[in-house]
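This structure is in structure tokens; I'll ask about it shortly.
Chain nomenclature is as follows: A, B, C and D, assigned in order of appearance, with residue numbering initiated at 1 for each chain independently.
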Amino acid sequence: MKLFNKKKSDGTEMIGRSMGQETWRRLKKNKGAMMGIAFLILLFIGTALASIFYDYDKDIIGMTRDRFMAPSWQHLFGTDNMGRDIFARVIYGAKYSLFISFGSTLIGLIVGLFLGAAAGYYGGLVDNIIMRLTDIFYSIPYIMIAVVVVSILGTSMSSLLFAMALGTFCNFARIGRASVMTVRDMEFVEAGRAIGLPTWKIILKHILPNCLSAIIVQTTLKVGSNIISASSLSFLGVGITPPTPEWGAMLSDGRSYIRSSGWMCLFPGLAIMLTVLALNLLGDGLRDAMDPKLKR
Amino acid sequence: MFRYILKRIIILIPTLLATSLLIFWAMDLAGGDPVDQILPENATFEQKAALREEMGLNDPFFIRYFRYIGGILKGDMGESYITHRDVFQTFMGRLHMTLLLGGSALIFACIISIPLGIYTALHQNTWKDTAAMIVALFGVSMPNFWLGLMLILLFSLKLGWLPSGGTGGFKYLILPAVTVGLGLAALLTRTTRSAMLDVLRQDYMTTAKAKGASRNRVIYNHGLRNAIIPIITAIGMQFSYVMTGSALAETVFGWPGIGRLVVDSINKRDTPMVTGSIILCCVLMAVINLAVDIIYAFCDPRIKAQYSGKG
Amino acid sequence: MKKVFFALLAVIMAATFGFSGVLAEGIKDDLVIGVAQEINELNPMMQNDQINNNCFALTHERLVFLDNGHGYEIYPEIAESWEWTDETHLVFHLNPNVKFNNGTPLTADDVVFTLNRARSDDPTLSKVSGQLGLVTDVSKIDDYTVQVTTSAYSNELIYNFGSYPLAIQSKAAYEDANNAEPWLVGSGPYIFKEWQEGQYVTFSMNEDYWNKEARPSYAKEITFKFLLEASQRAIALQNGEIDVCVDPPVTDLRFLEEDENVVVHTQAGTRLFYLGFNVAKEPFTNQKLRQAVSAAVDKETIIAIVLDDLGKWQTSVLNRGAWSFLDNDQIEGGYTYDVERAKSLLEESGYKPGELTVELFTPTDDPYKTIAPIIQANLKEIGINVDIKSMDQATLKSECAAGHQQMFLWRWNIGARVDETYRELFYTGFPTNYAQLSDPVVDDLADKVLTEMDQDKRLQYSYDYQNYMAETVYQVPLYVPDLVIAYNKGLVVSDSYDDAGILFAGGGNHFWARAYVEL
Amino acid sequence: MENVLEVKDLVVRFDTDDGIVRAINGISFSIGKERTLGLVGETGAGKTTTALSILNLVPDPPGVISNGSIILDGKEILEMSEKELEHMRGNDVAMIFQDPMTALNPVMTVGDQIAESVMLHEKISKEDAMTRAKEMLEMVGISGSRATDYPHQLSGGMKQRVVIAIALACHPSLLIADEPTTALDVTIQAQVLALIKELIDKNQMSMLMITHDLGVVAEVCDDVAVMYAGRIVEIGTADEVFNHTLHPYTEGLFDSLPNLRQRGEDLVPIKGLMPDPMHLPEGCSFNPRCPYATEECQKKLPELKLVNGTHYVACGRYAEPQFRIRRNPDGK
């Protein structure tokens, strides 16, 4: 319904450069979103620099004698049970968390949209099968699916990506389906069909742009929640394996030392929280900026 | 209404069948021979072969699957490889712990979030609203198992006020419930606020004011009664989150609920336990969703009419 | 909703406050032990897990009492005496006073029934038939005499009769159609009361215990609380919620040591953690390479990081504390940590630094997940890349049994029998021979150690075995963690069989039946 | 003649993120006892804001009533306490809203919604209130048995009748009808309008009828005020405004109506659009669209001036004695 209205009042053209510019103009006014973007940029730069300046074998997974050092100027976040600098590991580890969450969201997005669009476009049996499939993934608590999948495929980056994409795709399938359903029978789609445009072109040219803003917002928020999911899985021992400095795995390691060396848990958790916060701020900002009607 | 419930239950059946097939298949793919789980580590090859035959593990996949489904229809979900106890009974024996944790978390979340959401909506764009929303955003962004660890660090280790885990009286419930509830509260605060803001814009609110209804009456009698509908929807949608959150909080706090049961069983490759628990979780979620829908119908006459109309 | 909630709350609170109380005489009437695992079976012969066995030690009795803690002395329990009448016949003379906890006397019929049931290859009856593989017949001579016939003499068979899976059960209970859980009937000082899954298991005192005079019990109830997280166990102990904390977290030990109400007890352990090779698969068919790995692994650092120095490293494959165990200085040619030597051994093996990448299979949980990266870093030093593959323990066992691994991390705990290491880990074709080893020298020595009746020769064979293993490095033994137990300072502990008290066993088979807390 | 309502120099603005919206820029009018004033203008002229101001219900923030007075039965509304306002609303002044689809609370029965109005202002039991509600429903032509229905069970016309019933439940002395028929089907429009008219007469009430439909005005109103960009540009009796139109904007409104009697005559739409209330033009707000505009019009804001009798107009061109608009060449 919302999409329908938008279509009518704004026309398709607004999803072009002008929409991007307009969104950016509004987004710039949103302090939270700007802070989110700034943090994310900083994090990207930080993790890129860390990859250059730190030696993985020596600084990230190498052991030293300085075990359990409390935070100090020398070790900003302290050191862990193997004497590794937690600051280095947190910054370096950002790329794992970011890669997994972006990667899984992207896979989920593509698969989900494709399935959703197909379900919405063809309707009937196809729709039924695809939607029941997403129902299954909705009805089982997500963590359980992920734990099953990862423990079956073995703990590795790719199985983690796959497991998390499974938890992600249903959201996008629903968005895709809903937006395809609303525009499926509208005149311009009929017209496209009448002049013999292939189906995929219709979907790509006319239908996808209509759910673009919903997708962008959902993607941003999903990347955030996938960071949490990935770290949850690592925490449960089925995610990234040590000694990889993934944040959740670091938390899981630190848990045994929480009483004597609380900082081992504090900083990786803070890193997760702030990154997700930044993504949420950006997501909220984008939603307000792309759909001003929703604001206030 | 009754027919509607019946219809929902009928729809549930193929979903459950598909779920059970998927899980059964997935657990079948998994490495690890069940026999290795059941027998002591130093069992002989002969013993293993005998057990494999005895359990029918040599049969083709679909035979085993249909045998399993047949068992379920007869009320037998099999027994755990590890504890040798009935899966259904084990699940039920732990269900109340998860319901207690999830229920308390939900109550805690509602107590905080609904008043806060209304308050912030009424004071939109003031510093109080902004501050509360920032806090809520922090809440949404926090991994709840980490929150649990931090709460343990503060309340059990530093202050020594509350136990750090296990079960027992009310004080054992506080930290896990807060851990699960806080993230939920943050989410529901955001939902309540936007639902309330949405309702406040509605014409019928002006109608009510124009009638001469007091501010409180307008907000609570007219506003909340409408805003509660999306809030209930959100709560319904968050049950999956509650279960996920519980699974993590149960691990952090050693709380013997079904979340931990499933995670532990997976780690131990306790196939019947995993398969059974996940199917039962599905049923549980379906029952909860149905309950939410029914509550929903009581709050919204339009939906109630739909159910009784179409049946 | 609310009503249900509060009702649930009330039930749970009642359940908590139900147990815990104090006796007037100055003995706490219950004993609560915080353990790291949950029990998983109530029938002794359907399992062989330490956590269960600690419970069966309360409710059941064996033919002989095996003091797991101190040199594996054997004392009478149900059997008053026993002897090998010839090379293949072992005869037990039962104590005629023994009674089951349901009041019926325990006779030769029960022993024959139990042992024959345990020997059964039907996995629904028994899962420990392997323990009696040598036994060909069990027969009753009279009401209080039982004869066990074996296919060959074994030095170690008697120890099996001291294991809890072979605790004597009641034949009558199994024949009683009304008894759904006949395995709960045992002759021990405690009776199973309740197992609340995920929370605790409770045993109450058997008021009519047959041997009450000689071996009295004190605590009215003994509860094992399953507190899986180590730090939670430690806190629970300090809060007085539990009286004993088994395996407190070594990292938090100082908090316990500082607590004046808590005693921290440490003794040498017997559970060996090791780095295993699949010696039937490239590249670890290469002995020099195995030696290089063994010399490259810094065991002391591992002990420092994983155990906070509460453990001992060793080069023998036999568990520390076992009969004939050779300590590091007694083994010739054990590969101690020496990077330079490791590098030259690698060169001798024909592999160049950096060219080799091997997979290390490791369980996902502690301590393996901490050990694995250390080994990875150690081997990196000499130019071997390690790819860590984490998996749950169940999968690890299956994978290793199938021989898919190159290297793996695992542990082995033995009781009194060295055969449990010599045969079960390394004998050709044995299911737990994860090394996939098939070496006639090893097999021959293992057989000799088991059956040689001349004890001096037998000892020498065992030394030879250990020395041979140290040289061939079919396994890199890493360390044996110390047994650490923290308990309420009122807990009465003793370390001899005759005194009232508990017996701590290095491998974790503790005997709690006579422990209590003085107020 | 005694006035029920007197509005003087009312100014309302909205402070939004994007700037200040000047919704009402000093309007004055009054409504006599048992008289109906029609407030006419395009969408966005400030009609609804005027109506909400009378109930002191302009959403605040962002709305601010920055100047003026609204006197109802001799009492200043803008100085009333919250309690007095609540007492006044519904009891002395009631309002019928534009869109019956959204004006009713979807989760309350219509009976409850009418009864609520009664219970708020009279000490009466719930049962009696329900009885009253049923009577009110009967009065607006709906069977009393439908009191237990929810709004979604009623048609649009019936909903508007319910809205009317709510408004009249406490016999207010002034009824504000904000485009009461716009959202309805044409056939229903006439019925509802007839109903309102009948009820007004029966209950001896005054009414402020807000509409953009001159036909409705002609049918119901005694007096007419024409609003443009937050100002009243012409006000007078219905006869004066209809038959002796003075303001070019009013003329524009008439010209854009289809004339059924002279079919075939070209419609003359007013060119251009309503000015953005955030950026009102200098001088007369209508000057960019006015066919009679001069340079003078761009500079000076015309004041509302009495022409004759009760007929006022705000147009600078009438400073020229010979100025006439096409519709009214006599200038009377």
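The working rule: a contact is a pair of C-beta atoms (placed from the backbone, for glycine too) under 8 Å apart; a residue touches a chain by one contact, two chains touch by 3 or more.
The model shown is predicted, which means the values in this text are computed figures rather than measured ones.
Participant: Among the other chains, which touch subunit B and subunit D together?
Facilitator: none
Participant: Between chain pairs A-C and B-C, which one is joined by a greater number of C-beta pairs in contact?
Facilitator: By the number of C-beta pairs in contact, the winner is B-C.
Participant: If you average the CA atoms of subunit C and of subunit D, how many Å lie between those two points?
Facilitator: 90
Participant: Could you work out how far the Cα centre of subunit A sits from that of subunit C, in whole Å?
Facilitator: Their C-alpha centroids are separated by 46 Å.
Participant: From the mean C-alpha coordinate of subunit A to that of subunit D, what's the distance rounded to whole Å?
Facilitator: Each chain's C-alpha centroid was found; their separation is 52 Å.
Participant: Distance between subunit B and subunit C based on Cα centroids, please, to the nearest Å.
Facilitator: Here the centre of subunit C sits 38 Å away from the centre of subunit B.
Participant: Multi-chain contacts in subunit D: which residues touch at least two other chains?
Facilitator: none
Participant: Could you pull out the residues of subunit C that touch at least 2 other chains?
Facilitator: Residues 229, 231, 235, 364-365, 391-392, 395 of subunit C touch two or more partner chains.
Participant: Which subunit A residues reach two or more other chains?
Facilitator: 151, 154, 237-238, 255, 258-259
Participant: Identify every two-chain combination in which the chains touch.
Facilitator: The complete list of chain pairs in contact reads A-B, A-C, B-C, B-D.
Participant: Which part of subunit B faces subunit C closely enough to touch in the complex?
Facilitator: 30-33, 36-48, 50-51, 54, 82-85, 90, 93-94, 96-97, 99-100, 103-104, 107, 156-157, 163-170, 172-173, 252-254, 256-257, 260-261, 266-269
Participant: Along subunit A, where are the residues that touch subunit B in the complex?
Facilitator: 32, 132-133, 135-136, 138-144, 147-149, 151-152, 154, 224, 228, 231-232, 235-238, 248, 251, 255, 258-259, 262, 265-266, 269, 272-274, 276-277, 279-281, 284, 296
Participant: In their complex, what parts of subunit B are in touch with subunit A?
Facilitator: That would be residues 14-15, 18-19, 22-23, 26-27, 29-31, 124-125, 134, 137-138, 140-143, 145-146, 149-150, 152-153, 157, 197, 240, 243-244, 247-248, 251-252, 259, 262-263, 266-267, 269, 274, 278, 281-282, 285-286, 289 of subunit B.
Participant: With touch defined as at the start, can you tell me which subunit C residues reach subunit B in the complex?
Facilitator: Touch residues, subunit C against subunit B: 1-2, 4-5, 8-9, 12-13, 16-17, 38, 40-41, 46-49, 121-124, 127-130, 133, 165, 196-199, 225-229, 231-232, 235-236, 239, 241, 364-365, 391-395, 397-399, 401, 420, 424, 429-432.
Participant: Please output the residues of subunit C touching subunit A within their complex, sorted ascending.
Facilitator: It comes out as residues 229-231, 234-235, 249, 251-252, 254-255, 301, 305, 364-366, 369-370, 372-374, 376-377, 380, 388-392, 395.
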